[in-house]
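Scrolling down, you'll hit the structures one after another.
The two complexes that follow have chain A in common; it is paired with chain B in the first and with chain C in the second.
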Partner chain A sequence: MSLRRKLKPWCWCVPAVLLILIIIVFPIIYTGYISLTNMNLYHWQDYEVIGLGNYARALFKFDSGFLSALGTTLLWTVLNMVIQLALGFLIALGLNAPKLKLSRLYKTLLMVPWAMPAYISILLWRVGMFNTELGLLNKWITALGFEKVDFLATNGIAFVSCLVLNLWMALPFMISTIDGALQSVDRSLYESATLDGAGFWTRTWKITIPSIRPVIAPAAVMTTFITFKQFDIIYLLTQQRGYMTGATLNTVITYVHQNAFVSNNYGLSSAVSMLLFVIIIIFSLATNRSLRED
Partner chain B sequence: MKRKTKERIGYIALNLAFILLCLVTLIPIYYAVNVSFSGPGSSLSGDFSFLPEDPSLENYRAILFDEPFLLWLKNSLLLSVGTVAIAMLCAVTAAYACSRWRFKGRRPLLMALLVLNAFPQVLSLFAYYRILRLAGLLNSHIGLMLIYAGSMCVFAVWNMKGYFDSIPVEIEEASKIDGANDAQMIWRIVLPLAKPAIVVTCVMVLITVWNEYLFATTFLLNSDYYSLSAGLYQLQSNDYTRSWPLFTAASILASIPLLLIFFKIQKYMVSGLTAGGVKG
Partner chain C sequence: MKKFLAILLSALMLMTLLAACGTSDEPSGESAAPASEAPESETPAEPVELTVWHDNDEALMQAMADAANAKLEGTGVTLTFEKRTGLSDQLKLYGGDAANGPDMYLWAHDSLGTFVAMDILEPLTNLIDESVLADDLPLTVEAGQIDGTQYLLPVYFETLLFLYNKDLWQGDIPATTEELYEYMVANTDTAAGTYAVVNQHSTSYNVSPFINGFGGYILDDEGNPGLNDPKTIEAVEYNKKFADLEADGDYNTVTTLFNEGKAQAIIGGPWLVAGIRAAGIDLGVASLSDMTLPNGEPLAPFSGVQGIGVMKVAAETKGDAIALALEALASPEVGVALAKAGGCAPANSLSYDDPDVAADEIIAAIERTADTAQPMPNAAEMNVMWGPVDSMLAAVNKNGQDAASAAEEAQAAALQAIADMQ
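Up next, the complex of A and B:
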């Protein structure tokens, strides 16, 4: 009887655990195995285990491109998070101005990019905004009498284009989270602070930010992960098969994809996958712990 | 009096700022809508006008009837429904067990799911490719469905566990005392109470599958099997200068259902996403 009681919860978990083991865990283990081999286009079947060579190549050979991709990814994540938090906070503050009558309308309109399917947004921006012939930005630039700009041609400008698009897509979530947090702040705190002679910025700095911090923290951590893992924007804008735009911008995830499906370095690609997996495990365990203690 | 004028000017400036912000936000979409309604006579490289020149529904007719749009739609529906069925059948019982019972290995299991949820599936794309190839499941909906269901199952367990936690356990204990067994209790008490949670989780799984293009274009080799997202991807990657108006029409058609669903369940999206701490 007691054994049955002990086993019952696991029986209920069996379908999910089996599905996840086969579909999620096994491919990760298989990726780990590939990372130890010299599998590439010429060694599709007759590959052999070569040990940690791929890891050494990724980490210690600068021309493998992994370290620079990691640098790009870190810069991308930090810039995105700083701008998103700052802009999201400012916009949400504006939306919460007490006498802004149309704030509900503005809020709804600002949420639209979040509701759009991500790949459709990216593809619409690719042609509709950034393209040199059909893109609106270039139509406006030429209308003003300037020369056309290819927004995806070189790394610097492509990075900025991707950043702008990511902000467009990700800000609604930030705004809505911060807006929700702002509405939960106790109004009476503001009133007593005003009586004590605190101005708008003092109130924001001393009351608003400390009170919304615990609500924003999990959302910010989640967004950091999503931004770090962002693949679609850079892939769809600059490196679709047959439509490489000239920019050689890579984040770690696009680096893995490119090495697997374009340059066919399956071993190296898998090694980088495993490295990223370790990084992600460490970060998610670390942030989870710090969140719980809050 | 002077303070009031100052405040009024402040609000006018704020309103202007928001109107500008909304315009910037909506212009890419508005432009696409505009192009989608433009007739064949309008010049593609012409200047931006706020109303479509020579408005017509030609692009919509062409995408619906000249391109395999309806076939892709059918494939997408098939894939999403299949994925939701597999993922939810597996996830509901596990989420319930993890929410209600404290058993040995529960915390490690939940932690493992959390870590796996943070792992981007793109990273094992190549491994999937080889496995599907060996298993003969390339170019089939079953293989793709299983892959989607696996990752969605991880998400659904965490998401629904959060909701189950918020259902008071007393109701179930009362039904136990009344002599209901586990299956009856789940069927009669828990599922009806958890219906909103299950519906929202299903919808979120549905949206994810609906919007997935990378796995679909990598594993489906024959465009007859393409889902809507893979089809749209192919449409723009073939020759986008020619198909741009068609693509905008297809984008609008594919986005409208999602926009409607989104604004219906928006308030659950936030709570669901942040329920397990680190998600994504």
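Up next, the complex of A and C:
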């Protein structure tokens, strides 16, 4: 009987565990295996295990270029997180203003960027917003009598353009999370605080933020990782083959892609991936720990 | 209720899991069956359906399939063309897979070296006699060879052309690039967004007329990159002054500008023609070979040959059927069908005897350009060259980097990428 009892929860978990094994654990192990082989164009089907040679070569990919990409990535992650949390909080507060009409409509509309496939959003922004000839921004700029601006040509302005697009795409998630958290705060707390003479800012600092923090923390951690390992926005806006814009902006992932994934040497790129995987794991452990200490 | 929902969701999850297994199994069963049953005789007794993967216009491929199947009537062999987006990656996954992969593929010749290095292609001469290719234009036949072995059956070829809007262009088409530049300076207003000529000025393929014309090169016959060759640098610098007057060089931008009548001319391939005609533009066409550079040499664009390759795993079991199909695909009728359906310049010289093909000015311009065009390099190394060259062009044209330093960086990146292949 007790055995059955012990087994039962495992049985319930089996489908989920299987799924995780198939789509998450297996690819990692397989990448680890490929990283030990000489699988490349010249040994496509007859590849064999060659040991740690690929790792020795992969270490050279983590050079000064990688360090500068790491710097960009950290700046990118920090800026994105700070702005997302601040803006997300303010917008969610606005949406929760008691006398706001049509708040459901605004919430639905705010979800649109999130619901759209990233690839389509990015291409739409590249052509529809940032393009020098067809983009909305340049139409406005020239209508006002200024010279056209190439929003993606140099690193500084390309970074800001990518940041704006990422905010547009990622804010809905933050807003909806904070919005949900805000709604779970007990209204009576605000009422008694108001009776005690607390103003808007005091209520926000003393009641709202402490109450929603436990809910927002996991969302913030998740978003931090998504932002850290960002690939699509920077790649599709500035580096896609045939559409390179001149900016040499790189995050760690785009840098590694540019340097290790274009040569069809799967052994080498798998070794680079495994090293990158270790770096991201260390980064995530550090973030988790600092969060717990908080 | 909750329990019911939980059971329902679990069942759904399991079903999707199983369904995923199901779909990957089905086609393998289907396509494996005829493979194992294919007889060894000259004319297969049992019907054999051959699959050709492509990443091309579907109507065009259908026209090709219809023409080839008409030739194959009575042999029991039929050809089916299937579109696969990202064909190059698809072939890396399925090229050696008899059950799920194609029997043949149609793709541009510059990736040939990659597939040969992967050892997934069968030399054509193991299946058909060389005489099958006898009527093909020499440029197209050579493009399908690696180290003297024929791997691709050329079907049609493309080069860049000078396409202009007859309603907007004033006077004759200039005979030199310097005259063209003068015309561009006089007729371009970047602030207003109207241009004389647009080109994808930061894309290697579209800058090839300058690079080759100046005597520079991207990759030589031995597979060595030549991005810091003085002549390549000279060409990139020369291209820069045109680039400043050619909008941002993005494919979408330049085609839209031309199709909306905001650019008088565009340097582009025959693949743009359908869109241009649909936009209602009175299209004129000139060959880039008729325009000379300051060094007296004509512009020399890359030519791309679209050809059929045979997968090694398919040749082992369906060799006879594939041989029949290749003979049909090499026929002038297929070339004529492609020319009529999509304005493609056939590889088979006999196709040009057809009055409609001979009268097509786009095809005539491509054929004319074949005089100076250089086939894209087809060595495996070519696969990693586009990235560094495009980066160099974008850095020079859009980011203001000087050509010599951009060339050194690109050359180093190219050498590293080539070293990484091994």
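Remarks
The rule is simple: the second predicted complex is superposed on the first by the 203 of 294 C-alpha atoms of A that agree within 3 Å, B and C clash if a C-alpha of one lies under 4 Å from a C-alpha of the other, contacts with A are read in each partner's own complex, and residues count from 1 in each chain.
In this section, a residue touches a chain if its C-beta (ideal position, glycine included) is under 8 Å from a C-beta of that chain, and two chains touch if they have at least 3 such contacts.
Worth saying up front: this structure is predicted, and the values here are computed from it rather than measured.
In the superposition on chain A, A:Leu268 contacts chain C only, with no contact to chain B.
After overlaying the two complexes on the shared chain, residue contacts for A:Tyr243 are found with chain B and with chain C alike. By the touch criterion defined above, A:Pro15 reaches both chain B and chain C. In the overlay built on the shared chain, the residue A:Ala260 is in contact with chain B and with chain C. In the superposition on chain A, A:Val160 contacts neither chain B nor chain C.
Of the two partner chains, neither chain B nor chain C is touched by A:Leu74. Contact comparison for chain A: of chain B and chain C, B touches the greater number of residues.
Of the two partner chains, neither chain B nor chain C is touched by A:Ile209. By the touch criterion defined above, A:Asn40 lies against chain C but remains apart from chain B after alignment on the C-alpha atoms of chain A.
In the superposed model, A:Val82 makes contact with neither chain B nor chain C.
For the contact definition in use here, the residues of chain A common to its chain B contact set and its chain C contact set are 15, 18-19, 127, 131, 133-134, 241-243, 260. Residues 7, 11, 14-15, 17-18, 21-22, 25-29, 31-32, 35, 44-45, 47-48, 86-87, 89-91, 93-94, 96-98, 101, 103-106, 109, 111, 113-116, 118-128, 130-131, 146-147, 149-151, 153-154, 157, 207, 210-211, 213-214, 218, 229, 232-233, 236-237, 240-241, 244, 247-248, 251, 254-255, 258-259, 262-263, 266, 270, 273-274, 277-280 of chain B are the ones that touch chain A when the two sit in their complex. If you check the complex, the residues on chain A that touch chain B are 6, 8-10, 12-13, 15-20, 22-28, 30-31, 34, 91, 94-95, 97, 99-100, 102, 106, 108-121, 123-129, 131, 133-134, 136, 139-140, 143, 168, 173, 176-177, 180, 218-219, 221-223, 225-226, 229, 231-232, 235, 240-243, 253, 256-257, 260-261, 266, 269-270, 273, 276-277, 280-281, 283-285, 287-288, 291-292. Residues 10, 13-14, 17, 92, 96, 114, 117-120, 190-191, 193, 200, 202-203, 247-248, 250-253, 256-257, 262, 380, 383-384, 386-387, 390-391, 393-395, 397-399, 416-418, 420-422 of chain C touch chain A in their complex.
By the touch rule above, chain A contacts chain C in their complex via residues 15, 18-19, 40-42, 44-45, 127, 131-134, 142, 147-148, 150, 153-154, 241-248, 258-260, 262-265, 268.
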